[in-house]
């Protein structure tokens, strides 16, 4: 057996496009409860109160919606070199080094077969809280501000692709990700795949594209400390007129307690709580769900609603 | 900078001695909510419902109390070789290879300067649930049985030593542990140190021995999914006449929500919930607390009660 | 204005019929978490740990399912006389005095126009816990036993009737109930009505019968202390193969957090949590929901599933 | 037996004096999470999001701290007449009718033997939310605003008196309150008494004055929906530099989950959660705790801290 690869440390940030920048920014700060670290001409840099880096969400003014790029931080400068070598030796499209932005130093960019852009970086801009954002307890990245849903940290994102098997090859080759769970369809295809580079149960999921789009985003997720935080957030979303798509409920896959809403520009955003669940086994065996098993619905029987299978961002004209 | 070491995967199990075996076993199964995987002449093998190995607690009939040994599982067979080489090259006392027990294969044993015995192992006995213990969802290690406090998994343990700095050297040398938080006393000594080998915020803590004992245990801890599980457990402990020492409350250090009780033989046992807190930063900077900062008490102001500083197992005659 | 009537103190117990007595009893004790107070030839007498009377659920072996009778305890012997006089002066069918059973003294029985039998009683058999069921805190009716879902107390029940307006007249005339919320359909009929005799937001609801049955039960509900108790119960139901019909979610009407399951004989059973919500206003104005408002679904958008509109007990042959 | 008296419907509001008006107002709105309904020259009128009246807390600029007066709303105009007659026939000091303020119509004022002023009123000023405060669900008094601790409603207050027995006579005579629990000291005196006029477990408590003051306030309490809301509030208090006196923990008496803090002027303020506990029995037997039983501390063993026995408002010079 090969040894597990720990070159990549964790999902660092996601860039999300919005064609309603002001509304989206208001949602993410006032309602969802992220904090603004900085802003440049095109983007707002946001983070949850316990994200240790400058930002975990880059919200970018754009003519459409969806995901701009996905950034993973590596475990060391040497690990970055190893990863770059592996990616350059792979068949995947390489964009090469970029300068970085307000949030981190130079990054190496590359692309999956479906048009999603990834980057790896080591040099980061740690968040240093100004006086007003300094926490009462020094082991926290910043103050628990209690604004809106106020999740603790970025958790994961979910991408869409027309070939989940091909996407799985990309993730294992380029990031050394482990596959913790997956869906095996009756037609022989993979319906979905859940990946992790560390002890989290997943930091990225890929599910099959049914809307005919390319390079689309299914959702971005932040983690709350307790399930109660999500029930409370449901009331906050309700009072603020946010479209609640489905939940709160518990996923059968991964056992995560979830709630899905759409931010003003239509990007799907989740709040999730995994309890104390972690993947600690170094030789975790991928859990494979059959189509029959999936038809039972979510853990407590909730049926997946149709929009969950078709809605992604950017929307595909005439398809939703 | 050196690269982080991931040779050791996770804390696997703790052996706890009891001089009231039947009462302790009744407590750990009926009240605390672990399940019995197996039993031999001297020991009961227990696990939480999501522990994937055969056991995470080995409860051993003994003339006294405290910790028998501490087992960590490594990341791969190669990692085990690397660790053994590092330990053999160290000044620490080596016991050498042992056969393993009902729970796992051969293990390499060694000892810290204070008499606590550790072991590293790769070959493990995965728990395979019998029909009655099979979970409704196939990604769970076993059924959520809902008996007693019913925590999800082993979380960490806390050892006592007369020289925390020396203990820290041992942990970094032998296990490659990272130090996530520590207490710096005014007298120049370390008052406590929190270690991890993975993304958990800690899997082992060492605090200064004030009772004059050697090789003593402060407590063993299991993780619950929610803080509410701990509040509910407090009522269960109350109704079952279990000695609740302190809590529920939130630690300033590590921010863990906690509850400490004594099992019938006197070993301190904790239930803890860290929310969604993880150490994801590969270059996490150790948080150092001063004595002044510690005097503020726990996160919400609870003062540490005296027994917490003196009680350990085995008890030291005439000292408590 | 008339003064509010407080002759009736609270819902005391519900008799539920089952044609699978052993399975139902196993469900209500081991899974749902009620305790058996006593048993006679036909019935088991069950209570939640904080119900102060001998029983709150009388589970009766029967050739079918549904509700046997509904018992309300009055506020005083004089109040009982006043209520009996009012009922005897009403157009409703009177059964007269019955002897009572293991749970209480003589009771006055009468019937609504749809065949549901009610009784009022004053003399009750307070539950006196045996040693093993004695609570650690003397202000509790019995020990918090932590078995199964373990709700605190009986909360309410929901009956079906073909004419909710007629049912409303019955409740206000016979019990002096207040109507806290109701649904006004576009066709001029009432779709549902929520009643209370005290500060609870409701102790009985009546919704329109769509299944063609008579005198049917929609569900019986017990209250948990926290919403988390209901999320935990969902996992218990899942692991025990109980049919989870819908939830957990939050009702728009009354704002109650809910979970509906079917016990083995098919009777619908709910767990509910109202938070700290009470009807304290003596001049509470009935909240009337329109059909349009109801079409938005539950509080967080969950659509009511079809079986919720058709399933009742006993089932109507050929209708479900 | 006499019939229970339901003339008084519920605790309506408490007037609290502050000698740091701006700081107190900032605390109660931004941190504690009440909303400002209106303001006149001397007072701010505040309410929790589910309080149906104009205000439940009248915060008054004053040269000292403590309680201004306590308002209870009666069940009907006739009930008010009955209560006024009973009070006028009693030995207690009568202030007579006052005009009311922004929150309600004319009120009848009277005084307990220790200088606390009470009032009874029927005509009230129902809160009508402006557009921005209108809830998503029409059965709520106003929008769940999610600011600060954001409790649901006023719950109770605790007064100090040198003779709890005398205070008990006052409450039963003037308000018709029931005594749900009490402490019987070894010296024959009552140490504390918990009262209710409805199904709440208590709306007012009186504990023995140990600080030598007169007419003092021990604390005012609002109710949260869940215990988790209180744990979350503890973090909010911590981040805002609020003095957390004791908790979160669970009271042995009444079983309430609690957290006590001091607002900027020194008045003690509690957040509490009773779960689903109610006093439904019309013939509830007062639970009497002995001094020995109380020495066990709170439900889970927390010892009562000294300031809890001595601190009241206004402070007594030289006594704390």
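Odds and ends about this structure:
Labels for the chains are A, B, C and D, by order of writing; each one numbers its residues from 1.
Methods note: a contact is a pair of C-beta atoms (placed from the backbone, for glycine too) under 8 Å apart; a residue touches a chain by one contact, two chains touch by 3 or more.
Owing to the predicted nature of the structure, the values given are computational and were not obtained by experimental measurement.
Interface repeat of C-D: among A-D, A-C or A-B, over half of the contact pairs recur, by residue number, only in A-B.
For the self-contact between chain A and chain C, the two sides draw on mostly identical residue numbers; the shared fraction is above half. Chain B has its Cα centroid 32 Å from the Cα centroid of chain A. Taking each chain's centre as the average of its CA atoms, chain B and chain D sit 44 Å apart.
As a whole-number value, the distance joining the C-alpha centres of chain B and chain C reads 46 Å.
In chain B, the residues touching two or more other chains are 137, 226-228, 235, 238, 299. Residues of chain C that touch chain A in their complex: 227-228, 231, 234-235, 237-238, 244-250, 257, 259, 299-301.
On the chain B side of its complex with chain C, the touching residues are 135-137, 143-146, 148, 226, 228-229, 232, 235-236, 238-239, 241. Residues of chain A that touch chain B in their complex: 1, 3-4, 6, 9-10, 50, 52, 73-79, 137-140, 151-153, 155, 181, 198-200, 223-228, 252-255, 273-278, 280-282, 287, 289, 293, 299.
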